[in-house]
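Below, chain A partners chain B and then partners chain C, in two separate complexes.
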Partner chain A sequence: MAEDVREALEIFRVRETKKDSFMARALASLYYQLKIIATYKMFLAIEFIDIILSVLIYYFVGFLVSPQALSSLGYSPDYLAFAVLGIGMSRYLWTSISRLAHKLSHEISEGTFESLVAIDVDNFRSWLIGQVIYGFTWSSMWFVGTILVGMALGAKISGDPILWFQAIFILLLTIAVHVGIGIIAAGMYIKHKQLETMLVFLSLVMEFFGGVLYPLSLLYNYRPLYYIAMLLPFTHGLEMFRRTLMNEWTILHPQMLLHLGFLLVFLPLIYLGFKIFERYLNLARKEGVLGTY
Partner chain B sequence: MLGEYAIVSENLTKIFRSGKRKIVAVDHVSLKIKRGEFFGLLGPNGAGKTTFTKMLVTLLIPDEGEAWVDGFSILKEPIEVRKRVGWMMGETGGRALYWRLSGYDNLMFFAKLHNVPRDVAEQRIKVLLRFVELENDAHKLVMNYSTGMRVKLMLIRALLHNPDILILDEPTLGLDVESARKVRTFLRRLVDDLGKTILFTSHNMYEVEMLCDRIAIINRGRIIFIGTPREIREKVEEIKIVEIQLAENGNVLDDVLRRITSLSVVNEVLSKEILERNIIIRVSVTDHATAIPEIANALRGYNIESVHRALPTLEEAFLKLAGVKIFSMKPSGVGVGRYGRRR
Partner chain C sequence: MSVEEALEMFKSKVSGQVPFREKVLASMIRRAKIRLSYKTWIIFDFANTFFMVLTYFLLAFIITPEDISRAGYGPSYFAFALIGIAISHYVTASLRSLSMTIRLEQFYGTIESILSTPTSFIVLFLGDILYFFLYSTIFLVLILWLGLFLGAPIILNLDTALTLCVLIVLLMLSNLPIGIASAAMILKFKQGNPIGWALTWINQFFAGTFFPITLLPTELRAISFLLPLTFSLDAIRYSLIWGVNLLHPRILSDVIYMVIYAIIGYPIALKIFNIVYDDARKRGELGTY
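And then the complex of A and B:
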């Protein structure tokens, strides 16, 4: 035993030089989260089936929607393409918002959250960014799957690589804005622990006002609702995304520039999100609610 | 002033509120722990040990008071404090690991969060896993680990970034006898050979007596005593204890106790143990000089090995100081027979 102890002590005699690396911590948070999710094999299988079924629903709903009605609202007359892009993007953003709060609820109930707080050196920012990248990676797979299934069923989506490049830029910008909302939601969860109520509300707001399944211009006849919709960043992101891949509008189109302007106004939400998260974390440290036993 | 101390707390207070109810978990605790000291925090369940340590590792913000760890304020410089402390969570510790990651991945993940270079982390993990005999289970998911294996993993995790200060909440709870012994030896050597400071909470009196340079006894959130294990016993030397050792089977115990407790010089029976063909009984008495011959006389006919004056154990000292029993479980890695017999 003496030899064992001596060997174990020996490794602590030399002091290593630690390089503070924000990105290394964020990537560690991403990498090990991917490893964790890979152990949930049933979950992965259900997610795959989920992609196919959610597209199939709108494939059949598409038979009820007249192409002329969609055309008269300024879109190409393909409802399946309209719905596929809507649900693909809403899923993306939904992940940005709900992912962190769900992950935190899991960490708190499992007891690992306290361990993370005890070694946190950057007010959780690297961990949050790692989890955001994880959410992005995960929903990218979902998104690509949705588009591919939609195209296999006949959805007419632009194949122009430049427009796809523009669509990805719009997607990233919209996600960046919604990450801020997600971080605020996660912070609120630490303190209030009302995860499902909060997320169901946010999801309804997004689906109703964002125009996931119907064109936003339909709301124009109901002015107060239309104005509320215009105040939400999601509405602008989705509208730009669809116009790019369905109408082949470039970013320089006047309406696109207007939407872009709205989105950029919301960008500081990320910084605000970090600050609010920090505040909720400190409140939880004050009240002793970092763990639930 | 702070330089010579690894941990200093001044009037540290934590109050939990639930509606109108107020629970003072830690009540104006002031402590100074020197660098290179093995310090034990001892107290019954709910005494405030864990709350106190959670404030030191910045998981809880105190309602009053302040503390400094390695010279850094837990209120103003929590990030600096976290970099310098290795913390091992007690009781619910197994939950503080990712059950769907392997033991190795858990350690690697936390090493990266601590900014430990990959090669250094790999070397430490390899050696420490071998030390705690987990090298063959390193790549199994933690969900398949036993309680003892998880405790070992938690201990390694606290050490990975080579901190100068370790705050360990019941680090041997759940370990088998041999592993607990090995871990104790290692912890003591971390202090003696490498100059680390360890703040250690435990219910285990044997462990605390054996390991700690100084002990604080905490009860209902207040420190009721600070000193060496020996000083605690001396403080309560007015407890007059007689230890009786008989070379008899356990089946005579009831009669032996009946005879002893009938004597007016005996206040109460403090402990009774049966070890194969031996019985050891400790009683508190009014006066040693009269009690010892009277007890020997009352037990005539039995095979008496000795009836002698004894120093109080820490457990008995705690009982005297706090008025409550300190431990609620059998200590891990300690034979029943060794309990309360150390001098």
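And then the complex of A and C:
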């Protein structure tokens, strides 16, 4: 254990002299986070129960849902598939948007953030990437678990490998956009602190308006809410994802292209995210507020 | 009451200087001050519940009411789910508040200091439960109000409101033994949130918070009948949906079950807690986590 920690620290210490050192540092950031979570065995076991129970709840709610109503709203009539895909994807939302700021708040309150700053050689880019990969890995475990339990219970999800390839592309694109928002938020957290409330709220708003548990078309009866939903990238990502695996639409379907266009508009947020993070990090360094909370 | 005053109450000897109820009140205020300082959590809790109500309001549009009606809860899925959401905070409070108290005191390193004062741990427990009860009541009122605003067909009048009050007290009393046993598990296994969360989810799933338990296969439904929450939920739903009071046979039978659970549950839960508590004291492990 001590040897592993020394190895991870060594990777952080090394200067950027090798071409692959950036990735090595990012992997070290991922590795230490995985080590921490692996010590919480009970937590992992309970997460497993959580996956099963949350799918089971919607399996039984599915008996109450009218297949005709779901069909009339343009989806395949299987509510379990609808809910499972929504729940699975929504897990990425929190890890993409709020987790980085949440992690920073932990590092700051535990007094380890300044140590990270002291060994930083690339304005935290490798650290951020490592944490993003960790968030992705963690959510992916949840996602895969949810889909597998759902399929075991009879959720009718497409098995076409090409459509799955398309779905994964949509998933990665959606995550990338939200990670951009998360990095901006993390940067703002370093300087302004107390941003977690807003981020948690933002995740909740996106999850609600994205239509994780109900068809988005139901919002059409409440036009202002529908327009808010259309302004959020998660709504488009989830719609495309569901249409791919439930309705077997390809990316060339006119509605899919429209959603894709919306999602691509948000893509520059990733570049912007790193720039804003760097700016706030430098500001906080100058003002000496890195360790305060 | 200032922090100094609250501390003074805890410090004083049990010689009749500070009445029991004042100590409980001080403990409640102390917990409220701590919890209310976590503004993020409070906002998350309110926002999460608000969006949950809206989600089930929308979901109800694609639900056919036959199964809900067959289970005896009328034609509205929204009313059914709304009541489940409205009382979920009481469920969490009765199942998790004690374990949370122990966990927090362990985490902040204050558990041994508190236990070394002449103030009994029961006072702390009661104060905490009182705080969570009041906090959950705010949620109940807001959720029912939001539900009525959105058109949920629930009947709220003096009769049903009084019945609701009695049923909620019974809900807390009948579920609390599980919470006490869960608190003992925290002392024994030193694991915090996971046990509490699992208990809450399992209870909410098997008691039918979001779907009637008549949908569960017979074998799984047997588990539902082992949980007092099943009867609490049934009684509260039945009363608010049909506008009947405690004297209705279905509610009366649920009340009897809840009372039986409380009568059987407390001696067992307290026995378990005392064994684990004494063992932790002997080993000097009260403060470890």
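The working rule: the second predicted complex is superposed on the first by the 265 of 293 C-alpha atoms of A that agree within 3 Å, B and C clash if a C-alpha of one lies under 4 Å from a C-alpha of the other, contacts with A are read in each partner's own complex, and residues count from 1 in each chain.
Assume a contact is a pair of C-beta atoms (placed from the backbone, for glycine too) under 8 Å apart; a residue touches a chain by one contact, two chains touch by 3 or more.
Since we're looking at a predicted model, the values are computed, not measured.
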item: Touching partner for A:272 - first (chain B), second (chain C), both, neither; value: neither
item: Partner chain(s) touched by A:207 [first = chain B, second = chain C, both, neither]; value: second
item: Contacts of A:46 with chain B and chain C, given as first, second, both or neither; value: second
item: Partner chain in contact with A:73 - chain B first, chain C second, else both or neither; value: second
item: Chain C versus chain B, contacts on chain A by residue; value: B
item: First (chain B), second (chain C), both or neither touched by A:151; value: neither
item: Partner chain C, residues of chain A touching it in the complex; value: 42-43, 45-46, 49-50, 53-54, 56-57, 60-61, 63-66, 69-70, 73, 79, 196-197, 200-201, 204-205, 207-208, 212-215, 218-219
item: Contacting residues of chain B [partner chain A, same complex]; value: 14, 16-17, 51, 54, 57-61, 79, 82-83, 85, 87, 89, 92, 95-101, 105, 109-110, 112-117, 120, 123-124, 127-128, 130-131, 141, 157, 159, 161-162, 182, 185-186, 189-190, 193-194
item: Residues on chain C engaged by chain A in the complex (per definition of touch); value: 39-40, 43-44, 47-48, 51, 54-55, 58-59, 61-64, 67-68, 77, 189, 191, 193-195, 197-198, 201-202, 205, 210-211, 215-216
item: Residue ranges of chain A in contact with chain B within the complex; value: 1, 4-5, 7-13, 15-21, 24-25, 28-29, 32, 35-36, 39-40, 110-112, 114-123, 127, 282, 285-288, 290-291, 293
